[in-house]
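Shared between the two complexes below is chain A, which pairs with chain B and chain C, respectively.
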Partner chain A sequence: MKYVLKKILTLIIALLLISIVVFLAFSVIPGDAAISKLGTEATPERIAELREMLGLDKPILERYFIWLGNAVQLDFGTSYQYNVSVNSLLGTRIINSSILSIISFIMVIVFSIPIGIFSAKRRSVPGRTAMTTITQITMGVPSFFLGVLITYLFSIILKMFRLGDFVSPADSFWGACAYLVFPAIAIALPKIAMTVKFLTTSIRAELHKDYVRTAYAKGHTKNGVLYGHVLKNSLVPVITFMGVIVAEIVAGSIIVEKVFSVPGVGTLLITAITNRDYPVVEAVVLLFAFLIIVINFIVDMIYKIVDPRVKI
Partner chain B sequence: MKKVISILVALVTVAALCACSGGGNNPETTGGEGGTNTDRKASNSVVVGISQDIDSLDPHNVTTAGTREVLFNLYEGLVKATSGGDVEPAVASEYTIAEDFKSILFTIREGVKFWDGTEVTADDIIFSVERYAETQGEGSAFSIFESIEKEGENQIRVNLSEPSSEFIYLMTCAIIPASYGDDPQGAPQGTGPFAFDHFSPGEEFVVTKNANYWKENCPYLDRVTFKIVTDTESAILQLNAGTIDIFQYLTADQASTVDANMFNIVVGSINYVQGMFLNNNAAPFNNKLVRQAVYYAVDRQMISDMLFEGTSHIIGTNMIPAASTYYNAATETTYTHDVAKAKELLKEAGYENGFEFTIKVPNNYKPHERTAEVIKENLAEVGITANIKLIDFNEWLDVVYKNRDYEATVVAVDGTLAPSSFFTKNVSDNVNNFTNYNNPEFDELYVKALSETDKDKKIEYYMQLQQILADDAASIYCQDPSNLVAVNSQLEGYVFFPISAQDMSVIKYK
Partner chain C sequence: MKKKRNYNLIIGCIITGIVLLLALVGLFWTPYPTTQMSLELKLAPPSIAHIFGCDHFGRDVFSRVMQGMGTTFLVSITTVSFGMIVGTIIGFLAGYIGGWFDEIIMRINDVLNAFPSILLALVLVSFFGSGLLNVIVALGILFIPSFARIARSEMLRLKGLQFVQSARLIGDSHGRIIFSQILPNAYTTILASAAVGFNNAVLAEAGLSYMGLGVQPPDASLGRMISEAGSYLLKAPWYAIFPGVAIIVLVLGVALISEGVSKID
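Up next, the complex of A and B:
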């Protein structure tokens, strides 16, 4: 209980600090929301008028506290660019991004565990070298580049999906999922490679432990030892690692969404930054921060359940 | 541990389901709003890729050229721009400009209706023009608007405080209902060939055929989706994937990567003055000789060849060739590519050993970047070192355009149908004179040109204005870039406008 309270306190402090950093960043970078909105034909009077309307004429500290007061009530203000509430912009986009992240995560689990076991069982030197080479290469390729390759292969050559023709999950849930499988591959592939490498190392380390020898002595088969004893124990560190992977999936989706024209939170963030649409940026960044902190918290909890020795 | 395993099993099952639907994914059945090309032909709809997001649904408060291009299909003024660069009657059926050029009389077209079927009244027109006048600043071309009043049953008179033969071009301002309330983002209403359907910020802007449109057999299409694709590379992929039918502003390189079986490349002019704009207050560009030297050093033909395979129109002043009546073609050859001459001028100016400066280039339009690179190479030949600094467009607006904190920048400027719009930014005390150009002779002539009512004299003044800019080398005007448009080969009728407009009402399936 004390732990939970401590975590929640950390969460609040982290979110506060992040919101301040974003606020400061926007007052430092060149580009002004009012000028951006009014464009080249704006007169100084109109710019002043709009600045006043948006509250940009107030001192930065006052602006921050006004924003904070609303944010604690989950009101993130109005988008400068679109004149609609930030919450309404986020609504469907959060759903799209969530589906994308979940599919990516499922791919990581489904592919990395069997491949990891398979790779750990390979003892021949050429086999190991081949596996390591493949994982190293896959790990090294950035998601957005994979994204471009995937769009080219699956959309242009194989015509398996039409780039940019995303169906809203509200219209067709499976249609949306079908489209999102392709960006998910771009996000998941490097993560699968990382998890495979991690799992392989973990299993191999476990295989050298004393209890494995005992298990063999008791007459278990090779597979019996691997699946019955070793796998359980080698998955424990992988769970922590999964926390990192999920956080990376969330962060990685920002740029991949853009490549695949998925109307998600990531594309919204990029557009908002270019338009100096400050309320949107602040809300999205906080959302990401919140997610990552909560994921870490969940990982800690799971860790505690699977390994009772861990006291937190 | 068992829990973890059961969770894993559940996850695997879900994944398997997803994988199945993914594997069986067929674009013919899962296609979104657009459907396939064939589907779109059957439903008589088109998807147009646009590179800028829509900044406003309120036609009187539009900022970007990208939004004007789209809203051109939704709203009309008393008159409407034609592709030839003139205006034709729209909500008005005819107009007469008074002999003293101080008023214009419009006859309201009989039976013009808004999308919802309500008839346009004189009150709507008065409301719209007055509202538009309010949104325009004091220094704008609209500031000579004095009043608008009803005259008789179906006529409207617009009065001006000063004579102007160009004011008719501003009467393209959109007519909207007088009931248009305080919520301009709420329910748009207009008289154009297409009616607003819905807008998803950052995604798409969808319009449908206006059944009440006054012109017979117009528009041809039932539905047009403007899909926002801010990245050109992505747009090309989406063209080739069959997601979008029309995309403009391609360079020659980009156009060559578009599938030639599916698309025709239509070539027109962007109608922008593109070039390297110089801060006339920043040393050494405050020295006319230096500016002229740079002009001689820059090889405009090379820029055109590199970017548009030589199809763009090389210019030498701040005016577009499409404004043919007023365009001074002689300025094109005021400077030639002449390295020796450039060196000579630099020596005369005291910069024998060259100098170093920075070109700030907005990163939202690839040709600007490429132009800057060519200029950099050209200038190296005469001993000038140019550094290129890429900045995003909002930074450009703030730092370069508003605060004028720069030495040189590669951008393009546009104008309206009114020829004066191309010169306003060079008037010394204009708020948007971002090049800090200052020539009293130019200022004086500009005022004369604007108020001149005799057409021949007016043309003469505008010709002179252009020659002054060229002689002063106010900036290094390079080209009117080509506009290469990929158009689905099943479509026909694409036309170009000298203003920001993409007219979808004339597009049809073959």
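Up next, the complex of A and C:
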């Protein structure tokens, strides 16, 4: 219990720290929001008026608390670019991006564990070299290039989907999923390779331990030792690694969404950055930060349940 | 016993050598001027004169890949070196001084480390604005935390060892201890992680220019070429494939070298 409380406390501190950094970073950016909104030819009175309306005339500490208070109530202000609330922009995009990330994560889990076991079983030199080469190359492929290759293969040659034909999950949930499978492959493949490499190393390390020798001595078969004893133990470090993978999937989706023109949080972030639409950037960055920190917290908790020896 | 050949290292060195040569030459000379356009050669398939084909403006893709690799390489080397130097200094200081300074630096590090690099790069670019120079600054800052962490743990490992204690006893200054006792013993570990950093830098630079935030046209960059090629996949798939393969080869070569080096003992 003490462990959980301590973890929750660090979680809150981390979130506060990030909120301060995000707020400060976007407050010191040269170019006042009021001026950029009105253009350089606006009269000083008009600028002062708008500054007051946007609350830019208040001291920075007060502005931070107002901003934080609003953010806690999930009010991120108004987009400069579209002149609508950031929330209305985020709404459906969050759902699209979440579906994409979930499909990718399922792919990573479903494929990497069997492939990892298969790879760890390779004892011969050619077998091992082949597996390392394949994983090494897959890890080096940038996800957006993979996205382009997948578009070429599945859309142009096999005609399985048409680029840009994304249906909103509100209209057809399975239609949206069917489209998102392709970007999900682009996101998941390098992550599968990373997990396979990690799991292979983990299983191999475990195979050298004393209890494995004992298990063999008791008369277990090779597979009996692997599935009955080794696998359970070698999956424990993989849990922590999954935290990293989820964060990487979320980040990887930003760029892959652009490749497949999925209207998600990532495409929104890229356009917001190009157009210097700071309220949107702030909101998306906070959202991602929150997500990643919470994921790490969940991973820590699962780890604690799986392996009660863990202390902080 | 016959010594096993270190194939990873050999193949990695060959690949990286060729790529490096092409990239460095590409900074100064390319078979065709990278901005030379031609209407007849629009999306021309690979031929003997243009081995990688031509793009939608009839520019030679091979020349542009060479120049793009050069830029990517320069950006990666600069940013990793910057991150390595600043990160090592911060990490050494944190480890050497310890106490609250160490605590603050490491907590910031923990938070930054939890974030995927491309996300941090995006945040920094949105802060500094797009363009090549800003990407270099953003990526440079991005690499500081990972090196700081490694440098700190090396410092903590070495600080307690006897030769450092003796140096302190004979009255060496702090600077002398750090530079002539700690650094020579720590640099192999730090350099090994530079290889990982280099690959992250290549992928991050390519990703940012794919999103249109890095190198600005008409200069060639691998990421932007792939992004432009996306619209011509049906007519000219080679236009997308060659720059992509160039990125993979760049990353693979360095990855093989670092794998090979880790096996030398």
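Assume the second predicted complex is superposed on the first by the 242 of 312 C-alpha atoms of A that agree within 3 Å, B and C clash if a C-alpha of one lies under 4 Å from a C-alpha of the other, contacts with A are read in each partner's own complex, and residues count from 1 in each chain.
In the analysis below, contacts are C-beta pairs under 8 Å (C-beta built on N, C-alpha and C of every residue); 3 or more make two chains touch, one makes a residue touch a chain.
Values in this document were obtained by computation on a predicted structure and should not be read as measured data.
In the superposition on chain A, A:Ala205 contacts neither chain B nor chain C.
Applying the stated contact rule after C-alpha superposition, one finds that A:Phe145 touches chain C and leaves chain B untouched. Contacts of A:Ile137 after superposition on the shared chain: chain C is touched, whereas chain B is not. Of the two partner chains placed by superposition, chain B and chain C are both touched by A:Ile156. By the touch criterion defined above, A:Asn83 reaches chain B but does not reach chain C.
Between chain B and chain C, more residues of chain A are touched by B.
Within the superposed three-chain model, A:Gly164 lies in touch with chain B and out of touch with chain C [touch as defined at top].
Contact with chain B, but none with chain C, is seen for A:Met107 once the two complexes are overlaid on the shared chain.
In the superposition on chain A, contact of A:Lys258 is made with both chain B and chain C. Look at A:Phe26: by the touch rule set out above, it reaches chain C but stays clear of chain B. When the two complexes are laid over each other on chain A, chain A has residues 29, 151-152, 156, 258-259, 274, 276 in contact with both chain B and chain C.
Of all the residues in chain C, the ones that touch chain A in their complex are 7, 107-108, 110-111, 114-119, 122-123, 125-127, 129-130, 199, 203, 206-207, 210-213, 223, 226-227, 229-230, 233-234, 237, 240-241, 244, 247-248, 251-252, 255-256, 259. Against chain B, in their complex, chain A makes its touches with residues 29-32, 35-46, 79, 81-84, 89, 103, 106-107, 109-110, 113, 151-152, 155-156, 159-168, 171-172, 174-175, 177-179, 181-182, 232, 235, 239, 258-259, 261, 263, 267-268, 271, 274-276, 302, 305-306.
Here chain A touches chain C in the complex through residues 14, 17-18, 25-26, 29, 129, 132, 136-137, 139-142, 144-145, 148-149, 151-152, 156, 247-248, 250-252, 254-255, 258-259, 269-270, 272-274, 276, 281, 285, 288-289, 292-293, 296, going by the rule given at the top. Against chain A, in their complex, chain B makes its touches with residues 1, 3-4, 8, 11-12, 14-15, 18-19, 21-22, 24-25, 27, 30-34, 36, 53, 55, 63-64, 137-140, 185, 200-203, 227, 229-231, 234, 237-238, 240-244, 391-395, 397-399, 401-402, 431-432.
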